[in-house]
Amino acid sequence: MVIVMNAHATDEEIASVTDRVEALGFHAHLSRGSERTIIGVIGDERPVDPEVFEALAGVERVVRILHPAKLASRDYHPDDRVIELPNGARLGGGQIEVMAGPCAVESREQLEQAASAVATAGVRILRGGAFKPRTSPYSFQGLGEKGLLFLREVADDLGMAVVTEVVSPQDVPLVGEFADILQVGARNMANFSLLKAAGGAGRPVLLKRGLGSTIDELLQAAEYILSQGNDHVALCERGIRTFETSTRFTLDINAIPVLKQLTSLPVVVDPSHATGKAELVGPVALAGVAAGADGLLVEVHPNPREALSDGAQSLDPEAFATLMSSVRSLAVALGRKAA
Amino acid sequence: MVIVMNAHATDEEIASVTDRVEALGFHAHLSRGSERTIIGVIGDERPVDPEVFEALAGVERVVRILHPAKLASRDYHPDDRVIELPNGARLGGGQIEVMAGPCAVESREQLEQAASAVATAGVRILRGGAFKPRTSPYSFQGLGEKGLLFLREVADDLGMAVVTEVVSPQDVPLVGEFADILQVGARNMANFSLLKAAGGAGRPVLLKRGLGSTIDELLQAAEYILSQGNDHVALCERGIRTFETSTRFTLDINAIPVLKQLTSLPVVVDPSHATGKAELVGPVALAGVAAGADGLLVEVHPNPREALSDGAQSLDPEAFATLMSSVRSLAVALGRKAA
Amino acid sequence: MVIVMNAHATDEEIASVTDRVEALGFHAHLSRGSERTIIGVIGDERPVDPEVFEALAGVERVVRILHPAKLASRDYHPDDRVIELPNGARLGGGQIEVMAGPCAVESREQLEQAASAVATAGVRILRGGAFKPRTSPYSFQGLGEKGLLFLREVADDLGMAVVTEVVSPQDVPLVGEFADILQVGARNMANFSLLKAAGGAGRPVLLKRGLGSTIDELLQAAEYILSQGNDHVALCERGIRTFETSTRFTLDINAIPVLKQLTSLPVVVDPSHATGKAELVGPVALAGVAAGADGLLVEVHPNPREALSDGAQSLDPEAFATLMSSVRSLAVALGRKAA
Amino acid sequence: MVIVMNAHATDEEIASVTDRVEALGFHAHLSRGSERTIIGVIGDERPVDPEVFEALAGVERVVRILHPAKLASRDYHPDDRVIELPNGARLGGGQIEVMAGPCAVESREQLEQAASAVATAGVRILRGGAFKPRTSPYSFQGLGEKGLLFLREVADDLGMAVVTEVVSPQDVPLVGEFADILQVGARNMANFSLLKAAGGAGRPVLLKRGLGSTIDELLQAAEYILSQGNDHVALCERGIRTFETSTRFTLDINAIPVLKQLTSLPVVVDPSHATGKAELVGPVALAGVAAGADGLLVEVHPNPREALSDGAQSLDPEAFATLMSSVRSLAVALGRKAA
């Protein structure tokens, strides 16, 4: 951390800041420039909030030097972390793993059709929502426990693993009974009660970036889970809020190589939510793979025109099969392996 | 809702869309332009997701005509809604009510000093956090139930009401025992489990806008609470994420008059979180009042330099008293009343 | 400037960076932390681009300590700078000066009606566009030189000063003949050829913040003008691009007190462009004044419903007169003076 | 265009709006819903500003149905447009064309080294800046005419075409003498004087998206050029401003397939400016190609550590050769051709 004093900071103010730095167990390293004095804070700054110093008299601003998430960082854990599932699916470590299925589980039939289509195309992890976080209270909210049961049964029949969202700390044990991977959605990325509960559930967690959250905050949300002793976290870029309105969100493609640098956790891309339109899903999915993602999360519906949610962004089985074939060609060209 | 067909939509596609519209109980009203056909959906569109139509063949896009939140709208409830608290404090209805106190309850002594300072300055609603949602797992997470107890006792001694944040559905009954107003924080605005729980608690709710959330989404989040039968919701603008980095967030001042048009719920401004810097709190607080806000939410700490959280954006008692005096002058100039 | 070396930077890399620092005439001040080495660059860093160091081996990132705009800064020129116009109008120095008039000059009659209305309400600076930068090539592009002539004549008749936009370096001399203040619009804030030309014209310049530009970039754009020897620059906050779509732009109200801290140049607010809707102009204008702005820039049209541009955001004479009266009350309440 | 009347619009207001619609030569198509009346505007709405209706009494808002840029649209010109250069390079039509070279021309030697390196890697279009738009007036502003001469001579020696930026309308003829493609930079995308001048120069134009500009605005800026009778315009996505700070800008990868849908103009990606960091350029460049871009614009410097501008985001010749080889593999995998 570097503390920048303002132009008119007095010697007393500087001394008071260095005292505070030392009192917190750090070494203070003073550097007097022509117009500003800056104070280096030597030590592991991560557990300390910059605000502790920003509030002091004479301080102009405080700059972090270290990324605040330690356990998530590649500095701390240099080798790629891999999540291995019982059925052989793997997130991380270079191969490209695709998770696919319907936005919401609507019925056993709909789920079977979707699951069978994506399994045929080579998918080993079935996605599907049983508890749906919806912007409007009047939208379909999901089948709940019945949806979980359908997911487990259908996946077992096809030898697939299950990833599904959990939206409330109370539901974590229930969802953990049925799912191989717990998903924490974008709107809950900073729901710290949920992060702690998910962290303690003994299941891998797929953590989606909040639509108004920075990469640093995503890593700190992962840190909540990791600090519960759960090392199996995959991160998902799913688009952020920007001023552009022609798509629902803006996929932050830069975030893929940035995350691969900063952390050794697996990173996947969700082109369905990032674009909101089925015809854009393919190009953006391929872009995610080309940028280095470890996998994809794709919405597939047996009949998107009848979907109870996210129909406009869901691929039908045929379009999905075409996408999978392109993903495989791309993987080969990039010297990587697609599941 | 207006459905815009694409340039090459066939008659069959158009017929299929109108059939779907009628099947959902609406009347379809066709309008053939020179380059596009558009289909008006006549009826109360609010419970219907535009996606239902966006996924259909030949549809280019769907435009909502009505704001999706009905109960929250001024159309539905034209007169200003007012939240009256047992101690006489009132949110809404023209007067300016200030809620103030420390970011986090750190100790009984700290809370007493803060509360006594803001009460002396004329404040009738004490704010303070017992459960703190923190970006980093290593930051101070609040005193929990002990903090709630301190809040209640200190407020009662001073004849004040209490507003405090609840971060998890399980905690709603507990927090409801101690608080007059339940606060749902910005990071939980789209935590729909929490919204439902808070809606059912029989207490007024102060709902903060998510930092990546639109005004429409804020109103839909309020709708979750209102649709539980709880009509006592106040909205809080506290700054949104933008590209500007010289302040922590960007207060969306336009949102104040926009919200006052769209909804009759009370609207307050939080200049502390919106700026992140104590020296900006005063000017931005006054701006909020001038723009028409029904109140303010301000962080005040007896000694900001020792604060365990948000020290940099907390006012000390002296600066706060000056602000309150300016708020009163402003209120008079605007023909309004400050509590 | 502080150079942060990455975790694995070698001694050679560190030495090579310090060599570069010294070669550029600075003193390098080394600080070895537990996980990172940082190098302080002592001297006036402003003319140096951080990229010069970012490209060097082993460098993780570079943090500026000083704001890059020197001449614009309050450090450099602590006292408020005031622009005094021949007719007694003054931008800066505490009073509130309102510039008003139509978006575009459409005809002599229209301009006379608008000017007479705003003059009656107390305005001393007439605004009006003769050269209009329009997003679409099919929109009305302004009357050009004829519009300038109308502005000058109408203003002279009423004892008013004129502010009008210049959109091309070639037009600077022409516009300078007719206008008291040259306006550089938001879309040209980073049109550096225009900034240089405007800087050399011997006229005060009203510089609007770009809709995708930071406060720092606004100050650097001002620096282009100031570095031509022209010290008469006023800055205008007119809304930035954000994800919120209920208003055309988002007025960055925080920017007012931030700019007043960083620079001693006058700062004005344009509530018309920031909101795009006439019914929001009043509340947002008052917010700008309450936040500390030195003035306003407001679009007024004798008959907004017939306007060739910006009709939806233009006030009619009556609404404008009401606003002026509120501005005066507010000014009194704030201990300031409205022109 | 669809005009939405507000809930309380009177019959007179509705009649007055339809009169205005008809007076402008359109047919008005009325649709009375349960809570709102909407008026369809039948005819080519593109030349009309929505504001014309937004200002009328009783109007809530106006929704465009057609994209405002006509000449640029794929509706108007369905087949891919291709820009063919004298040396055989081609932008558009399916193949992947890479433009590369230094950010700024610093000297003849530097340019020769860069050009020779990129030519060896297979590049046919040399990029390099002679007139540099720089945020700070104290940064290197380019060699001007001498830089243009170097570009032409070095390119001719290697059989390359030249793309270089023009920053002022006066410079268009001069730059047109030396360059095969005129580049209009991001900061000048809405400099309409420059767009008109560039449109009339008889040269292809590479138009970069403004960092705060929407896709619609980019197409309208292209329309300025196209409406001068110049059909040779290529569009460039180079990153937009968002709240994410770990990269300089956020590449809007969604924009590639969106633009390919809306327009038949060629679309290229600039991964250098979009990321600001050399180590991110490769992954993001590949993502651009995978998303369907017709080409890339990449900064290459013989020795990035000595660069006078953009050193941190410039590739050295070795890294660039590796990237070109990956681009070729990717092109094959995607069934496309790399130049």
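We just call them A, B, C and D in the order they show up, numbering each chain from 1.
The rule we apply is simple: contacts are C-beta pairs under 8 Å (C-beta built on N, C-alpha and C of every residue); 3 or more make two chains touch, one makes a residue touch a chain.
None of the values given here were measured: they were computed from a predicted structure.
**Q** In terms of C-beta pairs in contact, which of B-C and B-D ranks higher?
**A** Of B-C and B-D, more C-beta pairs in contact link B-C.
**Q** Work out the mean Cα position per chain and let me know which chain is farthest from subunit A.
**A** Using the mean of the C-alpha atoms as each chain's centre, the farthest one from subunit A is C.
**Q** Could you put a whole-Å number on the gap between the CA centroids of subunit A and subunit B?
**A** 26
**Q** Between subunit B and subunit D, what distance separates the C-alpha centroids? Give it in angstrom.
**A** Taking the mean C-alpha position of each chain, the two centres sit 39 Å apart.
**Q** Subunit B to subunit C: how many Å between their CA centres?
**A** Roughly 31 Å separates the two chain centres.
**Q** Residues of subunit A that contact two or more other chains, please.
**A** 212, 240-243, 245 - these are the residues of subunit A that touch more than one other chain.
**Q** Assign the assembly's chain-to-chain touch graph to one of these shapes: line, ring, star, complete, other.
**A** complete
**Q** For subunit C, which residues count as touching subunit A in their complex?
**A** 2, 4, 7, 29, 31-36, 38, 40, 42-44, 63, 65-66, 75, 241-243, 245
**Q** For subunit A, which residues count as touching subunit B in their complex?
**A** 46-47, 49, 51-52, 54-57, 68-69, 133-139, 167-170, 187-188, 190-194, 210-213, 217, 220, 223-224, 227, 240-241, 277-278, 304-305, 307, 309-314
**Q** Under the touch definition given earlier, write down the residues of subunit A that touch subunit D in their complex.
**A** The touching residues are 212, 214-216, 239-247, 250-258, 261, 274-275, 279-280, 283-284, 286-292, 326, 329-330, 332-334.
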